[in-house]
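In the two assemblies presented below, subunit A is common to both, partnered first by subunit B and then by subunit C.
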Partner chain A sequence: MIELKDLEVRYGKRKVLQGINLTLKRGESLSIVGESGGGKTTLGLSIIGLVEGTVKGEILFDGKNLVALAEKELKAIRWNRIAMVFQNVENALNPLYTVLDQVSEPIVAHKLGDRKEATKRAGELLSMVDLPEGRFYAYPHQLSGGEKQRVLIAMALANDPDLIILDEPTTALDALTKVEIINLMHTVCNERELTILLLTHDFYAASTLSDKMAVLYAGRIVEFGPTPALLSNPRHPYTRGLLRCYPSMTTTKDLQGIKGRMEFFDDGCPFHPRCTQSLEKCREGAPRLEEYDGRLIACHRGGIIPLLELRDLSKSFDSLNAVDSIDITLYEGETLALVGESGSGKTTTAKLIMGIFEATEGRICLEGKQIHGRDKSFYQRVQMIFQNPMEAVSHRFSVREAVREPLDIQKQCDREQRESIVRHILEEVELPSSEAFMNKYPHQLSQGEAQRVSIARALVLNPKLLIADEPTSALDASTQAKVVKLLLNLQEERGIGMFFITHNLALARKISDRIAVMLRGHIVEEGPSNEIIRNPLHPYTKDLLKAAPTLNSNVPLVPKHTSKKKEGFGCPYANRCDKALEVCFNEKPQLRHFGSHRVACVHA
Partner chain B sequence: MKIPEIGTYVISFLIILALIFLLPRLMPGDPLTAICGDEVLVEMTPALKAELMHRFALDAPLWKQFFVYLTAMMHGDFGYSYYYNAPVLEVIFEALPWTLLLVGSSLVLSTVVSIIIGIESGWRRGKISDKFMLTTTMILNGFPNFFIGIILLLLFAVYLGCLPLQGAKTPYSGLSGINSMLDIARHLVLPLIALTLAQIPSSYLLMRNTMITTLKEPFVRTAKAKGLSEVAVRYKHAGRNAMLPIVTTTGVRVGIVVTGALFIEIIFSYPGVGLLSYNALLMRDYPILQGVFFIVAVFVILANFVVDLLYTKIDPRIGVDNAEYAH
Partner chain C sequence: MHINYWHELIRNNFGKLGLAMLCFVLFIALFAPFLARYDPGEPSHAIFMPPSVDHWLGTNDIGQDIWSRLLCGAKNTLLVALGVGVFTTLLSTVIGASAALVGGIYDRILMRLIDALIVIPAFIVIILVAAYVLPNVWTLIFLISILTWQGGARLVRAQTLSLKERMSVYAARTFGANKRYIIVRHIIPNLSPILFAVFIHSATRGVFIEAGLAFLGIADISTVSWGLMMHHALRFYYLDVWKWWLIPTGLALSVTIMALVFIGHALETAMDPRLRVMEQEEWQ
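Moving on, here comes the complex of A and B:
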């Protein structure tokens, strides 16, 4: 139905859109999402031929190139074939005419009926969008925002178009009105089999109204794919950033922003200044939109890279399998919470990564490369913070010495530079960088301060991966909150991948993108945090969730040992599980995929 | 129209009355000199002078004079002109129709012309025709209206001789009916053009400016997207919205046009209120001056009132019937 080929729009020398290639078949719905100023509206207006800049490339509508069409022919297509529902901003409707007038106007203007017929048809349309009849002769200022949006929808349908462009149709509306409008558009578009192009920054509208989604950043499409897939598993750093900024009832992690602000670049990836995984090459050539497992992504690194991969990793101490063939991937800039009770092998896993223990089996990959030996450059990229900061920082070191030590070991920079780096990192972790503070010793610091010092020490080398072993469990609640916020901010700024070990599911939910539940050396369930919290599949996860702190004063049901059977080679939870079957004791369940989940349970 | 708004009209009317009363008394010279000529000062004995002052109540305290002035006015007595030897109101009403004709037609003409060239110019912003119109009006704006009047007078009445030199109609011509109207129209042309040309630049600039801002409004984009004709977008959607400020300022412009008419009438010896007040000023004919000021002020207030009433008709956002739809 409509095909954009190499579309480029410029205002003067500034390219607002470039290299846009999209195809939309009849009856399909596509949403274009992105921050305001990214070129969404320009894209919509260029299709309807109202963009004020210079347009290059082709817009094929039923085979006709709209870019090359004469104004007269364009006028015949506007509203008859392609209509637009504008955002209900201040004055999308003319303040001087009644809404009935404005809805009937295009019918008369395109000679589809005389004034009387047009008025009748406009009345029908307004009734269809549920505008009360008493309001037909109202002027726009007499209507509420939702009513105006309804009028704009009715107006777009006046000439029975084939393609409808929805430009931020829900942005200015309150929650209930928004749902009503989305429902209305959904019904109307389905009934009339309209082709939809939705321009929005509202993921909710996009998720309900579109099958496909394209993410637009600074005039380029950075990711394109089926809407549900993009929403549940964003692969471009920008898409992930946008989703992290969007408050919804499905996400559990605290809101995070995207650092920096949007700028337009002719060369290089437009997102590189804000991207936390950008390389030198990202600055040079613009990435092309390429296919990576069923998804189109424009990224030199092929989307968000896997930072840490544990593959079949095992560690046994004599006969005890402390870590039993675990398989986990941590992506750049994300937090993976490893949750489980004491003795489940969480800390052992951390130590395996750090090289404190040697793995019995399996491999560890960092940024795609398998780790063999650990030299200084490894520790420059991977750092760790510990549970008890007082013990983790040598009591013989002053704050300055403790934070500077990694730099001394790595022999980076000269003395003066090291000093300024130390001051800078202290400020970044929200500690004073005064002489007096830097000369303090750990025992002179509060718990929170000491943990910040240990975070500063870990971050001074600018690592990509931070392994945090219960970093807040020794802190009181208010200090914990501050440290957690600090870590999330640092993640937003530097794109640190965090391997966060905790037994606190309530905390994991707020800070992690994915949760892996560990039990007796096994990963029993793994998936996106919101999925794990909303829809836990493994009995152990369910019990952990029941045991997680709530404020509703119900006495929690503590899972009991329900079986006296001997622990065998079966499921690690078998003798505590009230649904355990014979097979659970004899056979170890495999991790299987359920949607975006992986669960090891025969019942799942 | 709501009560408080009428209240503001009453208040401004009272302030104007007080000013009209005070202003001539603040001017240099005294009315006696004006009535009897400069030689009076030499010939008139102080006793006679005092007697006359007393007879005209010019020695009474100011508040008393004001009180007398107000009561007289309520009886429709605007005083007696010593110079014309006739009641003030009679003199003024003889001149008033000519001024109304001149000011009224100039107001309408300048508004219509400004709106149209403002819309066209704003639509073509930055193009040659826009720049041409802008430059022309800016140059025009540099000339005072009497200068434009003199140039027109010299060109059309003196050199070309195609239009009459002065007056509002040919004296003693005995014309009647359609011919009389044509004669009046011929006399009106030059003063009307001079007065109108002087008005156009400011209203044109306002119109062009609001047109440019209105064109950026989202509803203009909506209108274009609907595939409407260019004329409909330009006039029905953008133009009508851009007109609103021009209409609002009409009330203010009435005052400016009347002032402009004062000079124009003098140049063209057009027998209107302007010429009348000019002569009255030379003669220090206080009653005439006060009467003229009063009538002009009343007209300006009335014009503002009418504009306010009219505005609710052209802008539905201002008006009383909003309550009907209020949520």
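Moving on, here comes the complex of A and C:
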């Protein structure tokens, strides 16, 4: 129905849109999301021919190129075939006319009926958008924001268009009104088989009103695909960043921003200054929108890269399988929380990655390349925060020496530079960089300070992957909160992938993108954090959730270890599971996919 | 836990006493040439003179000034202490630490060797060897050292094994540190207190063995050694000379050995947390 081909819009020399290719069939709905200033409104305006800039490329509407059309022909299409609900509710209505007059105006203007008919039709439309009849003769300033939005929708629908462009229809509305408007849009569009182009930064509106979603950044589309897939599994760093900024009841992780500001680039990927995985080539050429796994992504690296992949990783100490063929992927800039009780093999996994233990079987891949030997460059990219900072820092080292140690070992920079790097990193972890503090020894520090020193040590080499082994378990709540915030901020700034080991599910929920639940060397459940928290499938995860700290006074019932039968053959949770069957004791359940989850349980 | 061993040593009363005594002996050894009134080897006086203003401790059977010989003996004793201490500690460290760091078959062979050597009574072997060689100071130091390093090596090995597993060493490895860095920056600094203890113990043992051998007459006659002096003095037990010949010499030897033992004890207390706590409770 409508097709945009290589659309480019410029205001003077500034390209506001470039290389836009979109196709929208009749009855489809497409949302265009992105930060404000990204070119969404310009896109909408260029379709109805109201844009003030120079437009290049083609906008084909039922085969007619709107760009080449004369204003007169355009007028016939505008409002009759393509209507737009404008943003900025306050100014879109003329304050001098009653709403009924305003809705009837396009009908009269396009000579689709005389004034009487128009007024009648306007009344119908207004009642359709659920505006109380008493408000028909009200002036715009007498209406509430939601009512004005309804009027605007009624106006757009006046001439029965085929394509309706909604520009931020729900912004600035309160929650209930927003839902009402969305519901209204739903019914109206279904009744009339409208094609919707929704321009918004509100993911809620986009998720409810569109089947497909395009993410627009600095005038270019960076990701395009089915809405649910894009929302549950964003693959472009920008899409992920937007979703992380968006507070919703679905996500559990703390809000994170996107570093930097939006800038327009003619060359290079527009997102590269803000992207945490950008390479040299990202600066040089703009990436093309290419297909990866059923969606289009414009990224030189093919979207968010898998930073760390553990494939069938096993480690046994004599007869004990401390880690039993686990399979985990951690993406760039994300946090994977490895949750489980003590002794479940979490720390062993961390040590396997760091090369402190040699894996019995399996592979470890970093940025897609398998790790064989670990040299200095490996440790530059991968760092670990140890569980007990007091032990991990030699008691003979002062703070200065401890933080400088990685630089000394890696032989980076000269003495003075190292000194300034140490000061800088200490400030970054919110420790004093004074001479007095840097000369302190570990036993003179508080737990929180020691942990920050240990974090500073891990960060001083600027790693891409940070393995944090219970970094906050020894800290009190307020210090823990600070340390966790610090880590999340660093993730936002540097795109550090974090492998966060904890036994605290409540903490994992706030900081992680994915959660993997580990039990006796096995991964029993793995998936996006919100899914694991909302809908745990494995009995062990359910019990962990029950046991997670709440502020209610009731103490949950947690199953006790009953050694009913032989251990070691079946499901690692069989002895504690109240739903255990015969098969649970005899056979190890395989990790199977359930939606975005993976669960190893026969009951799932 | 960070312990400043020097402070602990100073804080401990035994340590203070031991150090004071050792300093005293050291002072004598260093300034013997100035303090001594005669050449200790010069047999130019009347024999068996009782203490007088000229000869504070009289003279011996061949007319040497005993006071001068006593002063010079300190040098010999401390030289043995230092020599045996350094050499034994070095042997213990190299063997013990390398066994712990290399591990495997190398470690096993060395440990069995230590087991074998530890049952050999060092003193008797030294007597046998020394009886043939009549060693001078340096050969004696060498002899004592190569026969008594086993205990120290075991200690160092055990300590190195535990140091190797420290989190701080793992942390250094995760920064990309190589073996050399870890040994130089992490193992050796942390071994130092135990090395000092090994040093003190070997020094004590060295002094003891040297004196014992000389007392039995197994020594180069030309050396001025407290053990040898006692050996000679004892031959004239029927005369009065033991009062100013045997007793001061024995006292000097005791003071030296006690000084070392006290320091060793103080160090042990500092290193063993349980002993430390007990000590503190005692004082309170």
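Here is the rule we go by: the second predicted complex is superposed on the first by the 598 of 604 C-alpha atoms of A that agree within 3 Å, B and C clash if a C-alpha of one lies under 4 Å from a C-alpha of the other, contacts with A are read in each partner's own complex, and residues count from 1 in each chain.
As a convention for this text, a contact is a pair of C-beta atoms (placed from the backbone, for glycine too) under 8 Å apart; a residue touches a chain by one contact, two chains touch by 3 or more.
Computed from a prediction, not measured in an experiment: that's the story for all the values here.
Once the two complexes are overlaid on the shared chain, A:413 sits clear of subunit B and of subunit C alike.
Of the two partner chains placed by the overlay, only subunit B lies in contact with A:77; subunit C stays clear of it. By the touch criterion defined above, A:50 lies against subunit B but remains apart from subunit C after alignment on the C-alpha atoms of chain A. Once the two complexes are overlaid on the shared chain, A:320 sits clear of subunit B and of subunit C alike.
Contact with subunit B, but none with subunit C, is seen for A:94 once the two complexes are overlaid on the shared chain. By the touch criterion stated above, A:279 is placed in contact with neither subunit B nor subunit C.
In the overlay built on the shared chain, the residue A:68 is in contact with neither subunit B nor subunit C.
When the two complexes are superposed on chain A, none of the residues of subunit A touches both subunit B and subunit C. The touching residues of subunit A, counted against subunit C in their complex, run 351, 354-356, 374-376, 378-380, 383-384, 386, 388, 391-397, 405-406, 409-410, 441-443, 457, 461. Those residues of subunit B lying in contact with subunit A across their complex are 217-219, 221-229, 232, 237, 240-241, 314-317, 322, 325-327.
Note for the complex: subunit A touches subunit B at residues 45, 48, 50, 74-80, 83-84, 86, 89-96, 105-106, 109-110, 135, 138-139, 141-144, 155.
By the touch rule above, subunit C contacts subunit A in their complex via residues 1-2, 166-168, 170-177, 181, 185-186, 189-190.
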